[in-house]
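Structure below; questions to follow.
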Amino acid sequence: HHHEYVDAAVDAHDDWARRRRKGIPTDKQLLVVACMDERIPVEGALGIELGDAQIYRNAGGKVTDDVIRSAALTTQFFDTEEIIVVNHTDCGMMSAPDDAVVEGLEAAAGGDLDDVDLDPALPELSIGDAGVADWVRMTDDIDKACAAQVRYLDEHPLVDATVHGYVYEVESGQLRYPGGRIAEEISTRVE
Amino acid sequence: HHHEYVDAAVDAHDDWARRRRKGIPTDKQLLVVACMDERIPVEGALGIELGDAQIYRNAGGKVTDDVIRSAALTTQFFDTEEIIVVNHTDCGMMSAPDDAVVEGLEAAAGGDLDDVDLDPALPELSIGDAGVADWVRMTDDIDKACAAQVRYLDEHPLVDATVHGYVYEVESGQLRYPGGRIAEEISTRVE
Amino acid sequence: HHHEYVDAAVDAHDDWARRRRKGIPTDKQLLVVACMDERIPVEGALGIELGDAQIYRNAGGKVTDDVIRSAALTTQFFDTEEIIVVNHTDCGMMSAPDDAVVEGLEAAAGGDLDDVDLDPALPELSIGDAGVADWVRMTDDIDKACAAQVRYLDEHPLVDATVHGYVYEVESGQLRYPGGRIAEEISTRVE
Amino acid sequence: HHHEYVDAAVDAHDDWARRRRKGIPTDKQLLVVACMDERIPVEGALGIELGDAQIYRNAGGKVTDDVIRSAALTTQFFDTEEIIVVNHTDCGMMSAPDDAVVEGLEAAAGGDLDDVDLDPALPELSIGDAGVADWVRMTDDIDKACAAQVRYLDEHPLVDATVHGYVYEVESGQLRYPGGRIAEEISTRVE
Amino acid sequence: HHHEYVDAAVDAHDDWARRRRKGIPTDKQLLVVACMDERIPVEGALGIELGDAQIYRNAGGKVTDDVIRSAALTTQFFDTEEIIVVNHTDCGMMSAPDDAVVEGLEAAAGGDLDDVDLDPALPELSIGDAGVADWVRMTDDIDKACAAQVRYLDEHPLVDATVHGYVYEVESGQLRYPGGRIAEEISTRVE
Amino acid sequence: HHHEYVDAAVDAHDDWARRRRKGIPTDKQLLVVACMDERIPVEGALGIELGDAQIYRNAGGKVTDDVIRSAALTTQFFDTEEIIVVNHTDCGMMSAPDDAVVEGLEAAAGGDLDDVDLDPALPELSIGDAGVADWVRMTDDIDKACAAQVRYLDEHPLVDATVHGYVYEVESGQLRYPGGRIAEEISTRVE
Amino acid sequence: HHHEYVDAAVDAHDDWARRRRKGIPTDKQLLVVACMDERIPVEGALGIELGDAQIYRNAGGKVTDDVIRSAALTTQFFDTEEIIVVNHTDCGMMSAPDDAVVEGLEAAAGGDLDDVDLDPALPELSIGDAGVADWVRMTDDIDKACAAQVRYLDEHPLVDATVHGYVYEVESGQLRYPGGRIAEEISTRVE
Amino acid sequence: HHHEYVDAAVDAHDDWARRRRKGIPTDKQLLVVACMDERIPVEGALGIELGDAQIYRNAGGKVTDDVIRSAALTTQFFDTEEIIVVNHTDCGMMSAPDDAVVEGLEAAAGGDLDDVDLDPALPELSIGDAGVADWVRMTDDIDKACAAQVRYLDEHPLVDATVHGYVYEVESGQLRYPGGRIAEEISTRVE
């Protein structure tokens, strides 16, 4: 009878809509950590679709306490088993020296950043003796930065997952391994 | 001559690939803050395309210090003028009571969370007297939570932008205003 | 020879055009009873195509004597074996109280509805001591109403079929089981 | 700002989902009355789309008390201004003589139909001295039947609308005016 | 080697371009005889494609000496084994009585048609004692006419093929067998 | 009102289905005379569509008495004003010498063709003193043949139309003017 | 794990981008030598795609020292095993007599061509006693020219490959074998 | 009349097929000089289509005497006014040192290259005192090589055209200006 076909569709939609409550993991049991840059087609670059993976994105694709919080929750409670980090060339985190960034933020704050709640929902959060530049975490070299983020996640006690990282080249629309840039190499003669 | 056409294409690609370095903002001067849930088609739900907006996503779409960091950078340095927050129904942040989450994380850490670096790249970061549950920030009511995130961003001294928020209904594939749920209303008689 | 191919096409068209006269049932031996609301994509919602099912539709998707007439004919004479009822949220039958509807109809009739033939082709039809509101049959709760229509059909001596019912949510474009609304549930914390 | 675009989409969806409650009529202010036959592509044949018109369908596309109820509600309360009737060739209502139908129903009822509630939700409904065949309302000639249904609706005091009717030819996939059959005419010589 | 692929393509094109010279028959070894009317989609109606069949078309789809010439050549020399005749409703050959046609042609000739070469390339061709109307061959009934053309071809000594005929209904876009019109039948009650 | 839209569609279909009876000409008032070869995409080659033109086709695209009959009827009675002749390369009419064809037909007839009715529906038709080869009308040169067919039609008293002709090259899929072959020319040096 | 899928894509792109450096040959191990004429769809005509073959093109598709250089490199170092030559009708190399070309070039040079470096990057290159017309190498007959280019490549000691040639007909969009022109043949009667 | 439409199509095809003979230039009056590498989508990269430009391609996209011959012919006789040079990364001309190439060719020749006709159709062609490596012309740096080819063409007395050059990056599928590589730049911090 046709109602069995309809029932199956109704049940599938219920699984989708109450997925978290029912304890159903993402289709690929995957968390992606990527930069928030507007030029990164995260799903397309990784070959994933809606439902496949949770996607964490922030300025620079850097491992912060928020990444640890998010990764801990999904690996401990939502059956996520794998993390893929995606950084990218021409990242905004490479667009200025530390000094310029700190000065800009102080100007915005109208003075010293010590008087500002870095986390408005959790005023107790502080960075102690570290400087604002440490908290902003600009990037010197995107390939090295990517490798470092992989390491931070891989070694963290609250995060239980296989971790890999890639650099997305905005100039080519391709992923490369950290350190795997070939653009210089292939423009000159083999010796 | 045809080389003018080719030059224009080469220049447009250079603008795309070196956009940040050249100080070109996102096409809509927009930052989206959304949950990292695998069921949220952020671009489709908001009617935006690659290039239009930076997209910050974390567990719960909550305003953390990382959101402040990211929002401060883009509004102060990248000409971003607007922020849209997207929370959603059946969020994982509503799937357990605080106690259960804290216990789970402690078990993962093999003991007390005080001994764990919440931010492996910034060990100085601490939450002081706040409890782990405060840092995890679970959600009681998704509509109220959405309104609160909007308020946090709107009032923060480092963030300079117009802020609005919406709840994405995973059961309907539609956005609603916070508090704008109609599902109960339209299932019974008008009185 | 090619004429055999052409003959087969001619015969198939004859089966379609004289289907009723030749005693050929619907492809799924199915009758759908649904509301006449302009927002219900009956075929799409049920996953059926032209030829699969007869589709009865009236104001509210309510079981009237006309539904009994139509269902009796198709189950007794056209080999239909299954009935699916589709009601929907925001139904017009929930848009006003009984009093307002009766008053509106009396105003349209220019007085008492007793003087009007409820069935112009069958003036002998009457509703006896029942009130006009009973005949109009407004809806208090769409989920309970759906369950009731299923029961009316399931128990009627002239109707011989398996009967199931669903509520179509116009806000989500999804079917639910009667009573299966989840929208409230997934907006707040699990306790 | 982009939130204005999002707001407009949220509001449009609210209009769709609460259309009846907000008193928004169908897009064409149109009610269609058609047969429930599985071969009638009602929307395609009339060139209408989801949202354009309410669609009443029963066995034969006949004007019953349920049609009057439904048409009265939509023309008096939902701003509907036009009704289109669609009957069709090879209708099941022409597939047997009255006697055969009445006998079949009596056999299904296990005896006399007087003991059966014609309307299980409104047991007070009766057809008085009329026979079962009058209630079943088989069809002798589909073109004359179509014209009659138009007349019943056009003249009824509770129904306030412009009314037109067409016969859908299942053999050609085309609509014709009642009495407008040309198939015989164009198969022989003009005299 | 790739040149083998190219050679195969070159050879296939040579077969197509010199098909007749090489004695290659049509793909379905089929000849269609149809009316020249602008509304007949001959290939679509029969489910054939370019290359499948030779297609003879004249006024009325009538078997003339030119049809016999063409059918004799293809069945005797080009391996054609089957003929399908396609006549159609609303044929121009039914649009006037014999008298009107003969008068019109005489007016065009400026007098008697006896003085006109019916075949300008073969002035010896004559119709002897037959009248012009016999040569024009108007149609009284399209179904009977179709059956007659099938018979003429089937019995002719120079034509060696299986012969079938269909009437294409311009009103429905469907083929029927000669005499297989159902339009009247399905508009009235079964007795 | 929407019924006006429906009425317009019903009327347009009536014009199509009773076009000849209503005296409506082809959309381009055009008759095409072409060969019946299976490789000629007549509509595509001429850039015409269903409804644009009547299409006469026989063996060789030759002007016979049947062409005169068909062309006379459409130019005198159906408002056709233009004729286009399409012959083609590799025509079957060039595939054998006259003797071989005549012998083949005599063999098929089992003797002399004088004893065969060339037109089974019009036994009075005869070719007098002409030979069978004259009636078969094989082709020596396709470009000259095309020009001759144009002349026959242009000069015939019963045919009132502008006449042009083209040769369709099956080897190139292109039309050329009669005598306009360039294939040799462009394979060698300009002198 | 999903990173294996991503790794495979990254590796495949590296093979493409560093193909030559990694010693990966073309997909079909094929070199095409064709004319530079703007009307030759080389890939489409040969049924090849990006990656399949290296494509050498010059004025006339003639075997010059540059062809020998290019063919030697690819057959000796890049595993190319096959060469296909494509010449074409209406080639510019047939558009003028030798005298006119030499005069034109001398006028452009403002005098004697002996004073011009034929190869600006290799001034030592000279044509000795040969005339300018020998170096320009106009074409008398495109089919013979094609056969000659095949022979030059096939016999050259530095070129190690299977060699075939075709003439592309710009008038038909088809390839033919050298000498395989059929256009004249199929326009006249078989004898 | 429709024949005017057909005539226009026949004439346009004649212009295409006899373009060179009629003195019609390429649609963009453009010559492209590119490498023969199988990964260069020349038309797509430059945004041109069939008919727009002549395309010269050889090993390395180097300016040889054959390029001068081809460019001289098209700029002096075919109204070409512009030349675009396309070199590319990972070119085979950078895949080995000079010594290795010369040794490989000598091995293929079975000894000294002095005994080999570099141009089999023009044995008088010699490279005088230059070495084989000079004739092979390997590439050290692709950006410098591209600029040099532009200069050779721009300065040559037989070539009369505007000349521009680009490097096609096989790793990104993008063109760059010679020297315009950005891949290193955008992977590290702005200082």
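Brief remarks on what is shown
As written, the chain order gives the labels A, B, C, D, E, F, G and H, with residue 1 at the start of each chain.
We adopt the following convention: contacts are C-beta pairs under 8 Å (C-beta built on N, C-alpha and C of every residue); 3 or more make two chains touch, one makes a residue touch a chain.
All figures in this text were calculated on a predicted structure; none of them were measured in a lab.
With steps allowed only between chains in touch, the distance from chain B over to chain F comes to 2.
Two chain pairs, D-E and G-H, are compared here, and G-H has more C-beta pairs in contact (counted per touch definition above). Inter-chain centre distance (chain D to chain F, centres taken as mean C-alpha positions): 51 Å.
Centroid to centroid, with C-alpha atoms defining each point, chain A and chain E lie 72 Å apart.
Taking each chain's centre as the mean of its C-alpha atoms, chain E lies 57 Å from chain H.
Touching two or more other chains at once are residues 13, 17-18, 21, 52-53, 89-90, 94-96, 170-171, 174, 182, 186, 190 of chain D.
The chain pairs satisfying the stated touch condition come to A-B, A-C, A-G, A-H, B-C, B-D, B-H, C-D, C-E, D-E, D-F, E-F, E-G, F-G, F-H, G-H. For chain G in complex with chain E, the touching residues are 28, 30, 46-48, 52-53, 81-82, 84, 162, 164, 166, 174-177, 180, 182, 185-186, 190.
Across the complex, chain G is touched by residues 13, 16-21, 26-27, 31, 36-39, 41, 50-59, 62-70, 72-74, 76-78, 89-92, 94-96, 101, 104-105, 108-110, 116-122, 124-130, 134-137, 148, 152, 155-158, 160, 170-171 of chain H.
Interface residues of chain G, counted against chain A in their complex, comprise 1-3, 5-7, 9-10, 13-14, 17-18, 21.
Listing the residues of chain G that touch chain F in their complex gives 89-90, 94-97, 138-143, 167, 169-174, 181-184, 186-191.
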